[in-house]
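In what follows, a structure is listed as structure tokens, so that the remarks can point back to it.
In order of appearance the chains are A, B, C and D, and numbering begins at 1 in each one.
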């Protein structure tokens, strides 16, 4: 189990879906940041269940408490512990699967690896764990504010339904206006209907989240192994249900010739170095070059569905797994703040690592 | 700069393209492994330049020396240092770019981050650095032999030319039979011709490498942040020119419903747990489930082309960058052993981490 | 701030003396350990204030709660979070020093380093933080039980009052029989009286804790930098008020000739390898050799005294610091379980690291 | 095996006493440092064998080569690899002990831990490995020059022969004037004679090295676990033959009352905060306070002696181990630069960690 991320701005998360609480300790956050509890809660609210009829109807207030590391409204440089009590612990919903391995869930692998397994709601493998990341990510965003960095994610595809616009054609301030978190209102409505239909069928569907980061200074990222996009990729792939990551031109870029793909440099009117195109996605040689960073994250359809499926139990006997409980038919809308949080955690760490590179 | 990878099986690479040598120190390799120098050299030979007319014509023997950690043919548990001297140091080839920022290269970002830059052949940002990873990866493969794990990568796409077969339809033993490293001979010839045409135009082209890992025991991977696929993704994204990573159903899987995508469990004739389908790509909840692991890695077209491009120099003045020297028109064929090496390094580390999970 | 310790059995502590709570997250504890809450509480009770008239009269129940990582009485392999709420938060006791730098405290250095400082009871620099270590150390002891390892510390010196007996001449089961935690009853009484006199004078006094570890298998420790005694040393020096560490023959051993100091090997009646003497303190070349491990830890007199002292405030003005509040005149008796806890944490980590060294 | 030290300024050493070479890779050294090869060689010369008749008569030029990370005389921010070839590889000197466990050496523990052992000259457990640390430490000193920090170690005790002067009573510039590296010339001569007598008897003797560090800014060190003195202690205890570490008042300080031991603050004529006394040894709460840092390191007598000793071989049979080869009767004189190097490595790492604490 490795629930620790980051080299300098380092988080350790803990907690199971139906245990007493989930939470996070942030070790390495600099002192002197105004600790904005309202902002943290608002980020948690973006992720919490029960937001609309296309998200799970579970009720969790997801109210966090800070236990340490903040004094008179400011971070003190000491570890910041945040805890979110679990309220809705209907473990009876899960008794029927205590001994079953649900298809494409982590039941089997956790059982095989650890021998013991908290089966209630997926235990540690539940996406509920990501609430702790969102709390820590909100703190990371506060740190990144000092560099005026913005991180904005949105849903760009649900199933086969694809938003065919580039990010600069969109008004990203509209992302939070609808339940899907797609900044294009027409597409958002179509996606909403599609997810709702899928829900009614007792099925689930995947999609893509696009994330745009603006304002990262030139020079963040630590080649050769901790390249900026490599850490972003690791962070995204560490989110439940993620199957793929691409940045800049990504998979599509392979079909271009080098003469088409290369980003030529010029000096802009702002007297700064820029590139004419940005196939590089703001990162060259693993280091930010000052252009917008953008990447795309693929989420598979949620494994929990409201249909009968064949599987086996811990004794290897054939069983029928029936979906119960309250689940998301599509994880994408609630995953938007998670993608942003993980991106913020990666950048916060690199911002501090960049400072440590200097002679004086 | 972070040139260290791995938590227990940990490598530190060093060296610039045109410095005295490149190399690697492996700290954490268990004692008692038969150290097969011939195998290591054969892996390096798969990566070395000058293999065919579609790879760079630079001549580097890439002969490695082991400096430590091996005694009477066996690893001793102490750090294993391997060094590959640089022979072909024609730095005069690079004098003309000492002050220029080549488009889509790391020249600008390294200059901005470090102030100082070894411009000869890309210095540290050169793909030459990956030879050290291949040497370490060969050692990792020796460790993985104890678990009978095989890692086989191949070129599955070049530009728009795509091999439309699943890996189980291919005879992967044929991969090394051609210069492209595509196991389908007809497609290999087409790809070869396409790359050669691209070379003649002084241009470059990207592609996809698919990697298949068989034999990984159930239980490797460390959620929630160090999921097996998250580390594989980081490792692949850390290879020069990589723009994307997907495993299992990947980006295509998002278009399936959960009822289609879920992998149902059953007990096979071998009395082991299996899944009927393998959209999970052998990994569930970040932990290997015993099925084949497979993933795809997207490489952009190489930035160095033999055509004139606009750019700027360190003073911000407009310049024309002209391609010189001897470069690969397509990095894919030589990247196959690099993908395998990085996969081996990830797995070797997780094999040791898995041992440390146990009570006794 | 680095409040994380351990490579595999890794703890992150958090919390200030007078904040909402202190606590710890243990990431990397193997699954399947019977989680003995009563034992953990009993270890915390050994450290808690108010045990006798020679310890501080503050009242803290130090009752811990486990938030995660335990299911049906067993560890699950996931992070274990333990929290100890702070009950006695009389911050008014500290208002008078909010702006003062108490001599030999961390007030000045924390202020200079972080800019912000939680001055209540020393904040993060308070020894209260060590309660979290004791909780985690109790868990580490449970893991070490599988190897039948015992860790026993005791007070061997207070001020100039020195117990002139070797550990094998003592009955260590008597350590907990008295308030000083010295296994020699006569000496314990003398030490008690001495500490009590010191208390009445409003002064404080230091001393030495000796720690004996039995049952460590041959082969734990990771040279060249993470030698077993080097990590023990780091762990001990990380405890508040510690000024020195020695193991085996220690500082006294330097006066011996090699011919006197060397430990000759023989095979004992148990058919195991032993040494005739044990100046090595059970560790050779940084690796345990199967003999008893023993070391000594020097604690300075507590900085807080009930006498007036000259100092300065944050403005650099001369002030008189007057001791108030309820403090320990001698930290040694309550530090015994802390020394044991840190030793247990070091060994738990090395026990898991040792497993990861093996080929199969 | 953990041959890696440091979090940001991170070194990985490698090499056996009689292998092809020893060396070190430094990952995380900032760019732009003037790389002074002559200084590095001069530091290696202070450590090399054959300096006088009281050190081993082995001949090793210990000439280093830099393989990477330096361009046009400056560090580039990329890993710096330095290699020292082994010249004097008389392995025949060691054939007689290939199967024997020399008393108080690491032969037995390495054999038990790793199964395989390079017995030539102690292999990896040889103090020869420390040459790589000295090379890296010289680089660390160059980094610390930017803060005008000086690190000066000297021999303060040999056997029972003790230099009874405080460091401020000594002229530390005289340390290098004699073969013992004691700045007091009279005492140096006595120590020299004593070591030489010990050598003639075929025996060995231990001692103490005192180290003084001046100029460390306020604020270095990372509590609660990575306290500045805790890392110094770990680094010193990681040097071969070290048995103890104390800083500031150390073991002697335990006999003082708090009212005697506390260091009162005042503002000096330089308008900076100072303490009237310095029992704290320049570190409070694990963080440097701007005063001189001083500590003492205890070295046991070298295990290799020219006398017959009883022991066993790998089969458990009783054998007589006879000293052969060329060894140091007292390791102290040559250990002075090693102590300085390790101190420099600790401080270099903390200097970079301190930068990463800041908001902007």
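Rule of thumb we're sticking to: a contact is a pair of C-beta atoms (placed from the backbone, for glycine too) under 8 Å apart; a residue touches a chain by one contact, two chains touch by 3 or more.
Values in this document were obtained by computation on a predicted structure and should not be read as measured data.
Simply put, of A-C and A-B, more C-beta pairs touch at A-B.
Of all chains, D has its CA centroid at the greatest distance from the CA centroid of chain A.
Work out the mean CA point of chain A and of chain C, and you get 39 Å between them. With each centre defined as the average position of its C-alpha atoms, the distance from chain B to chain C rounds to 46 Å.
Chain A and chain B have centres, each the mean of its CA atoms, that are 26 Å apart. Chain contacts: chain D has residues 1-4, 13, 28, 31-32, 77, 113-114, 124, 357 touching two or more partner chains. Those residues of chain B whose C-beta lies close enough to touch chain A in the complex are 1-5, 13, 101, 103-106, 108-110, 112-114, 124-125, 129, 157, 159-160, 198, 203-208, 218-219, 221-227, 229-231, 233-235, 237-238, 243-251, 253-267, 273, 275, 279-281, 284-289, 298-305, 307, 309-312, 316, 318, 354, 357.
Put simply, chain A touches chain C in their complex at residues 1-4, 10, 12-16, 19-23, 25, 27-28, 31-32, 65-69, 71-72, 74-81, 83, 113-118, 123-124. Note for the complex: chain A touches chain D at residues 7-8, 28, 30-33, 77, 143, 146-147, 352-353, 355-360.
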